[in-house]
Amino acid sequence: MKVGVIGLGYWGPNVVRNFLSTPGVEKVYCCDIDEKRLKFAKSRFPSVEVTTDTEFILKSPEIDAVAIVTPVATHYPLAKKALENGKHVLVEKPMTSSVREAEELIETSGKRNLVLMVDHTFIFTGAVRKIKELIEADEIGDIYYFDSVRVNLGLFQHDVNVIWDLATHDVSIMNYVISSKPISVAAFGAAHYNGIEDIAYITVNFDNGTIGHFHVNWLAPVKVRRILIGGTKKMIVYDDTEPSEKVKVYDKGVIATTQEGIHRVLISYRTGDMYAPKLDDTEALSLVCKNFVESIENGTKPITDGISGLEVVRILEAAEKSIKNEGKLIKI
Amino acid sequence: MKVGVIGLGYWGPNVVRNFLSTPGVEKVYCCDIDEKRLKFAKSRFPSVEVTTDTEFILKSPEIDAVAIVTPVATHYPLAKKALENGKHVLVEKPMTSSVREAEELIETSGKRNLVLMVDHTFIFTGAVRKIKELIEADEIGDIYYFDSVRVNLGLFQHDVNVIWDLATHDVSIMNYVISSKPISVAAFGAAHYNGIEDIAYITVNFDNGTIGHFHVNWLAPVKVRRILIGGTKKMIVYDDTEPSEKVKVYDKGVIATTQEGIHRVLISYRTGDMYAPKLDDTEALSLVCKNFVESIENGTKPITDGISGLEVVRILEAAEKSIKNEGKLIKI
Amino acid sequence: MKVGVIGLGYWGPNVVRNFLSTPGVEKVYCCDIDEKRLKFAKSRFPSVEVTTDTEFILKSPEIDAVAIVTPVATHYPLAKKALENGKHVLVEKPMTSSVREAEELIETSGKRNLVLMVDHTFIFTGAVRKIKELIEADEIGDIYYFDSVRVNLGLFQHDVNVIWDLATHDVSIMNYVISSKPISVAAFGAAHYNGIEDIAYITVNFDNGTIGHFHVNWLAPVKVRRILIGGTKKMIVYDDTEPSEKVKVYDKGVIATTQEGIHRVLISYRTGDMYAPKLDDTEALSLVCKNFVESIENGTKPITDGISGLEVVRILEAAEKSIKNEGKLIKI
Amino acid sequence: MKVGVIGLGYWGPNVVRNFLSTPGVEKVYCCDIDEKRLKFAKSRFPSVEVTTDTEFILKSPEIDAVAIVTPVATHYPLAKKALENGKHVLVEKPMTSSVREAEELIETSGKRNLVLMVDHTFIFTGAVRKIKELIEADEIGDIYYFDSVRVNLGLFQHDVNVIWDLATHDVSIMNYVISSKPISVAAFGAAHYNGIEDIAYITVNFDNGTIGHFHVNWLAPVKVRRILIGGTKKMIVYDDTEPSEKVKVYDKGVIATTQEGIHRVLISYRTGDMYAPKLDDTEALSLVCKNFVESIENGTKPITDGISGLEVVRILEAAEKSIKNEGKLIKI
């Protein structure tokens, strides 16, 4: 299989590096409009072909699959054209700028039986896979809440606000590990430079009462990457800034007892062991590339397929709409 | 001066202990309907008088001032009667269950020239006083945001939800250190037992664009007490779980530059020293008692007067209303 | 049973409070030469008898058992006299100032069939009991090392150096959890004020090759209380400054394999889950008092008996001797 | 200037990369006996020349300076030959396996007026340079102690023990920041595999009473890299595992006062602000290369010259000798 990678900014070279070591990939083509980036790619990865000609990547019959690692606004047109030319497509997160665009890509890929995958890298980390596994094994119980904080100083993006930049990660993780259905979104934000929100708070309501919440912030003095997941049985803290023991599972909870003749429920607390499961530390992006290639080879659905890309965009779009409407609740 | 303390639950004995060592206080009367609590108080503080007769405390001419340390719903009727009987009043936080009640107490105390104070203890901590001092000295610059997280497992309250229990603290701190005016509130919450919210997210919008946000949660596996304050000049992290260095001031920020002919603002980052100022570690509640007694003696306004109690209640009431209305924005 | 407590400084009142709630204790007598401390004790614990007459406590037939909570130098003469007068004795740590004194107390108590116990409070904490349990169940394997750091700023003692003040705790913990036999001690220290060592490093060698090490320091800017225990199977970190999860058990280790024809052992690493067992949080001192009273009632040996007190003193005495001799190795 | 780098294991490629961007370096030659490592180097750094011929690097008139990044035992013979052939030499740490070897290299380089430098990389970090600056500016006062802990699980070395592997770093830092003179060394260690010590405790005594101490350990479940420096004026904590604020300066100390007629010194404590100075985050190794090249160009002494390499080896050698002699104090 031959793969073309469009966009060699910050993330693109990582995608190239991983495709180069993915079984089944014969050749990697690198494309960027900036010659300097191509030169860098060539010196770093002598075996790749480089070109500034995007159309070549999108159309050449030599190329089977395309990875799109460009600014968000260009995801849709590039992916659309690639799919129309019969290429399988891996799109950088967030998949598109709008629900409508995402739906169109899904439709196009479906019609042509092509793989459409979104690079929600975090889904492939050992940490998130372990959390998914724990929830599926019913170790955590029913989920009360999914609370995420992802804040630091910078890096301001020029084309998208902090929601599309940072919340994408956490929303994709939430959607992956929680099986119930989000039904509405409300959000507040503030923009201090260029009119692009650099702080936002997003609330997501689920059909079964689970509550999701996201704090994303480019103006924070400290780096925080922490997700709390509370369940009826156990609770999880996932701290991605920890060098090891990123996921901690607390055997803590509430015991509610009703006594005859007393209306009110009596609450007591349960505190048991905490443990930090060993996590697989395979590079997540290598698993993304592997899953993409295998999906193409086997005609199977990738883990982060177009639908999962769409569901994330749906929440981000609703959040942005809510911010523009003073926190109005947006049904999704 | 003779002070009566009504309510000897968890917090009442601390109030008694501190009044006993406040200059100007001759005698402390303790009142509770539970004889066991009185017995405990008497053994702990042999010099106090004890009584189960609330009316005595509220009316006796022997008593100059009353501290009300009872469940929230009783704050208003007790404080009202005490004021009407010419007593100065210190009310536990939150001052009342509603804005209307708070306004009435303010009016009553005003008419009779009596001191009405609310025990927002955190305002008197070395940490919060230092933060106030830094902001007033313009070390922090204009405030972008005030972000607070106060979560842990339990203790569920039976009479009030997590907002009235926990957010009171952080809202009182925010109102104290930020001088601009809150104009609207929106909130989401979830109740899992007894129909009382145990998780809530509150957003407060200010007239000048500052954004306030509060995460309070009785169902969290870890204890977090952290406030982030971002300013144009510096940023503050106040972590109350730290045994020392609770307040850290980061010389970090964004530098926005406009270049001629370029529409978009260029963003760069500034990172300098961090420092943790030495904090006064006088027990905050002793300063509350002292401020109350001195306000009575000197006819001055206490730091946390009725108005500041009202402004907190205003935000909590709006938050609760918003929760009941699916996150509707409530103007205040 | 009637218990006399001699010494009402910092720790004495805690001992009194715990004896007052220990089953089997009818009456507690408090003794101090400072009338102010007695007055304080009487107001805090109205049911106690107070006296400045040490001889009364040591001799009165009314009193069955004596707790000695005085400066170290006085432990021996007071305990000696109490034992000679037929009292059971609980001595504050360290048991005595010298091995000789400790041996004498053991001999005296043995002859008269009296209980002699030392208050090594840490041994009774949930954390240390759990560590002991894990090691006895062979979860940790053979012990490579026991490494302890106990440092902070102050509090300088006037009568004993940092070894007798701080290392006592850690040496008692080491002796309790490790079953092999210490054979030699070496130590270095430095004294900056009053000629009393405020920093010390102690190494303890065991017969089976286990190495123990202690860093104690009154001149450190941060408070550290951390013990690392490395075993062939698992490893323990016990951090007493953590509010919860004080004991963490790491499933980490080394795998050594020998290949035919290769002389050198190949080393690889094993990393599995970490877990923090739930710890019993009963106040340790209440268990000390209970163990003392039950030992008297049942004629059994207390957990921290005279021998365990002696074994700690043996190491402290050797460490001090080594310091005075430029780190000379002292056999014990 | 043309530089030859011998040894392309873990560290060598970093040295190559940094020389390639050091002003004044025209050409870099890479040498390793392993062809695979050369191939890797060539693909990573297309501009370098590669060779398996060590003699070429050591003798060719094309080459002005040689960096020796090989196992410790080979440092001396390679450096010796390079110097004898008129090359300036940068040796990886520790400089040699023995004091005698180090002295010989210093002598040889001195006779021929060649630069001899040791790559004590830590000396060039922003953290250590800041600590040096603070001590030189007398912000810290007289130094009570220098306490270092450098522990983690693995990586076991096959040729040197944990002292030569890990303690080298901390001893070089201590020697750099403390100006007084070490006079004696004592150490204990334990070896569990291959007879090579994997745990060691080293004490270093200084002429002015300062005490240095090092805990190095390959068998620890957690990674600790922490240096405490206590001074009469302030105290420093340098935690190299922190992503930012690695150096914290505590305005803490002891105040000793003597009162007339009282023999003993009264001790009180001073606690002020803590601050974390901004640190230069230039890659330390780039500054090593720069300092080496500039020393050659200007005929000046490098910061980490042969003498500083020797002083570190002197302490390591003494420590090893002490371990072999049951902790005997070794004068240096």
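Annotations for the structure displayed:
Chains here go by letter, A, B, C and D, matching the order in which they are written, and residues are numbered from 1 within each.
As a working rule, a contact is a pair of C-beta atoms (placed from the backbone, for glycine too) under 8 Å apart; a residue touches a chain by one contact, two chains touch by 3 or more.
All values derive from a computational prediction rather than experimental measurement.
With respect to subunit B, maximal separation of chain centres occurs for D (centres as means of Cα atoms).
The interface holding more C-beta pairs in contact, when B-C is weighed against A-C, is A-C. Averaged C-alpha coordinates give centres for subunit B and subunit C that are 42 Å from one another. Subunit A and subunit B have Cα centroids separated by 39 Å.
Centroids of subunit A and subunit C (each the mean of its C-alpha atoms) stand 52 Å apart. Taken residue by residue, subunit A touches two or more other chains at 271, 274, whereas all remaining positions touch fewer. On subunit A, the positions that touch subunit C within their shared complex are 245, 251, 271-278. Contact residues of subunit C toward subunit B in the complex are 43-44, 46, 223, 241, 243.
Of all residues in subunit A, those touching subunit B in their complex are 144-145, 147, 149, 151, 153-154, 156, 158, 184, 186, 188-190, 192-194, 199, 201, 203, 205, 209, 211, 213, 215, 217, 219-222, 228, 230, 235-237, 248, 250, 252, 254, 256, 264-265, 267, 269, 271, 274, 326-329.
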